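Look at the two complexes coming up: chain A is in both, with chain B in one and chain C in the other.
Moving on to the complex of A and B:
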């Protein structure tokens, strides 16, 4: 029999708090991390809002690697990994580092490094770009940097399936653990704020002018954000043996691709990922206590997601609370679903679910229970975490309470 | 659930009308969603979800893609209502 896999550590770097406790407190109080973009000049854009991590001190987390030679996404990932390991209360001396792995999801890799190159090219200083550029920007450096900072020598994978990448990374870690290839995994996602990403979403007309208001009738779009979320995953038996605090069990996942269009979601793909996740986990829709929505706040996403939930959950759709923390954090891209998976684990552990803030006027086309504006006490036995991405990549993850 | 084809057809037409705001008097069995009603994929999912909900059935995705007309929809609903009864 394959071992059960549990979450025993949580590390988050977000615009509303760094570290599990500050982040969770901010979420429950409905704190909003969205403000005017400060890291670059947005005067030539028609939008100016973003959810940047403003109080991040990389020197507090990165000690072995040279901070000037690793990008912001790698720095976030290292910070989240250190926070998760500390949260898991692991005695590092007892770990066999060859049997510890890292899987990180991302959308953009290290876009700020590419911007450095662009700036050099535009200013006529292309010759100043040395060969070291090759090791700065590719997506895969994120997981590699986490491993080399922390001396982790096992499986090492970066999964760039865009905004569903965090769930993909956790799913991969789940498989590797169940196959018995490792003892422990650090799994999650990381992305940094960048002109590249911001310009792309601005050109798509997807960015909201002021706030992110998922499922509200007057929602005007998403707001780009940044951050990282990393979970410590290990077999249940190992966690029990070392008397670890167990947040939740990862029970299963469902992945699907719309095979349709790069940015326009096809409505059935999302439903298919949820159905696969439920059937793999042997869980009926009625048993799901809470859904963490992809909930970007774009007019189309929220409508499609609502329909997909209705298709899968039928009557139970109306009884299952569903909330979007992107209303507070904006969209942290490849980190988003990893942070949201952490939220599902915390909701299970604490018996509370975070709200969807800025939900003032209900939309007749989005008529489910989105936990508007106030956190709620809720006995969460099973939580579903949904993520949808460019390329039609869909990923649903299911977590469950461990009975004491 | 014993339901005649006409009752099924009426329910389906009402569902489509409520989602597309098109006069149901203009629908017949040969009306094509794409060619005659020019409905986008999102509205088609809305109709699928509503029709499945109304009849409490679940149609597999691969069969949905074969549905082109309102007549196809009636036949598909009939097929799955029978399954439900059995």
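Moving on to the complex of A and C:
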């Protein structure tokens, strides 16, 4: 019998709040973290909006490593990890650090390091690039920095599966825990605002000019963002023994690949990830109380995602509330699905689900219950967290209420 | 009931050969793939040596197709996947009926593609950046492109753990098969040789000759060693649930019988902690395989010519093997291939598969004199004849991550 795995700590760094409580309050009140991009000059771009984390102070979180050297994604991940550990009320002295692991998903790793390299290269000043580039650029440094800061010695993996990466990292942590290889995992995702990512989405015409309005008939695109979300995961038995607050149980997941197109999603792949997750969790679609949508706000994603949900849920699709928090905090890339997994756990724990804001005019092709504009009280027994990515990488995660 | 994981096919493209057999015979002859780099200019840099896959052309492996959407890393992976799938018998028809996954380890995917995309936007303006290139700037591009190419609709994961990425991806895939989530996964890794990573390693003084020491000696465990040579390539294995492999009558090359991993939070700045982490990885892998060190026939070392890392790995192996440290056969293929980063772990596996097949374990090319008090006395430049039924494979990153697997012959 494999051990049940539960969420006992939540740490979030987002454009609408740092730390679980401020973040959750902002989500329920429908706060929007989108503004004009400040981290680089967008005057030569046709779009200017982004969801940056404005008031992040790395000195509040990074103490062992040199915070001036490590990249922003590592700083976010360390902050989210420390917040999650504090939230889990863990006595670190009781941990066997060889049996604690870290899995982090990311889209871009530490993009600002290669952007600096490129700035130097085009201005003929490549010599100004020093050893820091190789020490702090490769994406695996994010999980390594978290472990190094916290003295963690177990499994250490970064999973760069683009915009679904957070779910992949949580899924892997779930497997490692169930196999009994560790006692506790820090799992989630982190990404920093990236010029490269912004340029790419701008060239695809995917960035909205003003606001992000998933599932609205007049939606104009996604808004790039940044942040981190990390969960403390541990076996149920251990959590009960130490009388931890348990947010929810992770019951299963499904991964699939479209094998169709690098950037255009396909509803079959998304549906297969949901079906695998449901089947492994032994949960019928009717039992799902809430779906956290990938919901980027691009015309195609929201239409395809709606189709995929209907394909799996049939009639139950119309009775299952589904919302996109990307309407508020933009698309935080590899961190997004980890932050959304935290939202699923919080929805289960608090009995409330966050809204999809900016949803004014229904789209005939998106005709489900997207929890428009206002948070809702809802007894959430089972929540499904969907994420889709470039490369056709799909990941669905299922969380469930723990019976008291 | 834990499922057993077996290897039913392998593919490799390296500086020393583009099949497991070619690579192995070159390694056993002690040939080197390290030469002055031609892919880009190394003028003004301390190191000029690299392990290039010379004149690689994807159409040799994949036919006359449109390769424009795939960058060099993706082409290497797609071509290698073709070879591994073909050899394991996973035909196009079978892949249509059955989900095959892909777990790809990579350190950079393509930092060259990323950098070129960004530089074009900087020089010409963001309106001139290529949307097609953008889809290759994501770190899972090679895995996604290869899935499209070969219709791999199962799990598709990219695994990053520095130069240990490839072995870590194999461990990741093993876990998925053991837990029953997947039945067949292509697993391994790839990295290309490009200016951006070469420049970075050079500036970090990790390459041979880059730290102002005279000469290029990327020779694992040698007294003269002064850093590694950067290589490139791709290597993939088909991992499969043993029951499925038996059911479909596939030929089984070996079993992955144990795995382990660890992390050194000092990130290799404290050699005691580094040795402890590597030793723990090995111990976990041996325990997982239910074997003692005495049952291991040979160790494929991660050693690449780095001064501290090679020493730490040797000390960890010695600690585990005790008195037998003097006698255990060891090989270090990076002496001839250079550090191929994401590809390296799977290349090491392929070398041991070949050694199990033909009984020859490559020596450590050009190893002349080991450092004082070097514990692994059986390290030698000569190829050894061995009847190998199990081997240990280590992958040690330069900054704290490490993992190991045990490979066993299936009777």
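The rule is short, and it goes like this: the second predicted complex is superposed on the first by the 403 of 404 C-alpha atoms of A that agree within 3 Å, B and C clash if a C-alpha of one lies under 4 Å from a C-alpha of the other, contacts with A are read in each partner's own complex, and residues count from 1 in each chain.
Methods note: a contact is a pair of C-beta atoms (placed from the backbone, for glycine too) under 8 Å apart; a residue touches a chain by one contact, two chains touch by 3 or more.
Because the structure is a prediction, the values reported are computed rather than measured.
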* Is A:303 contacted by the first partner chain B, the second partner chain C, both or neither? -> first
* When the two structures are overlaid on chain A, which partner does A:156 contact: first (chain B), second (chain C), both, or neither? -> second
* **Touching partner for A:389 - first (chain B), second (chain C), both, neither** => second
* To do: Based on the superposed arrangement, let me know which partner A:241 touches: chain B (first), chain C (second), both, or neither?
  => neither
* Touching A:267, do we find chain B (first), chain C (second), both, or neither? -> first
* To do: See if chain A has more residues touched by chain B or by chain C, and give me that chain.
  => C
* To do: For A:314, decide between first (touching chain B), second (touching chain C), both and neither.
  => first
* Structure fact -> So the chain A residues that chain B and chain C both touch are 272
* Please give the residue numbers of chain A that touch chain C in the complex, ascending. => 44-46, 97-98, 102, 106-109, 111, 114-115, 117-119, 121-122, 126, 129-131, 133-135, 137-141, 144, 147-148, 150-162, 168, 172, 175-176, 178-179, 195-197, 199-204, 255-263, 269, 272, 280, 389-393
* Asked: Okay, in this complex, where on chain A does chain B touch?
  -> 266-268, 272, 300, 303-304, 307-308, 310-311, 314
* Structure fact -> Listed in rising order, the residues of chain C that touch chain A in the complex are 69, 99, 101-102, 107-109, 111, 114-115, 117-119, 121-123, 125-127, 129-131, 134-141, 143-145, 147-148, 150-162, 165, 168, 172, 175-176, 178-179, 181, 196-197, 199-201, 203-206, 261-267, 277, 280, 397, 399-401
* Spell out the part of chain B that touches chain A in their complex, as residue ranges. => 41-42, 44-46, 48-49, 52-53, 56, 61, 64
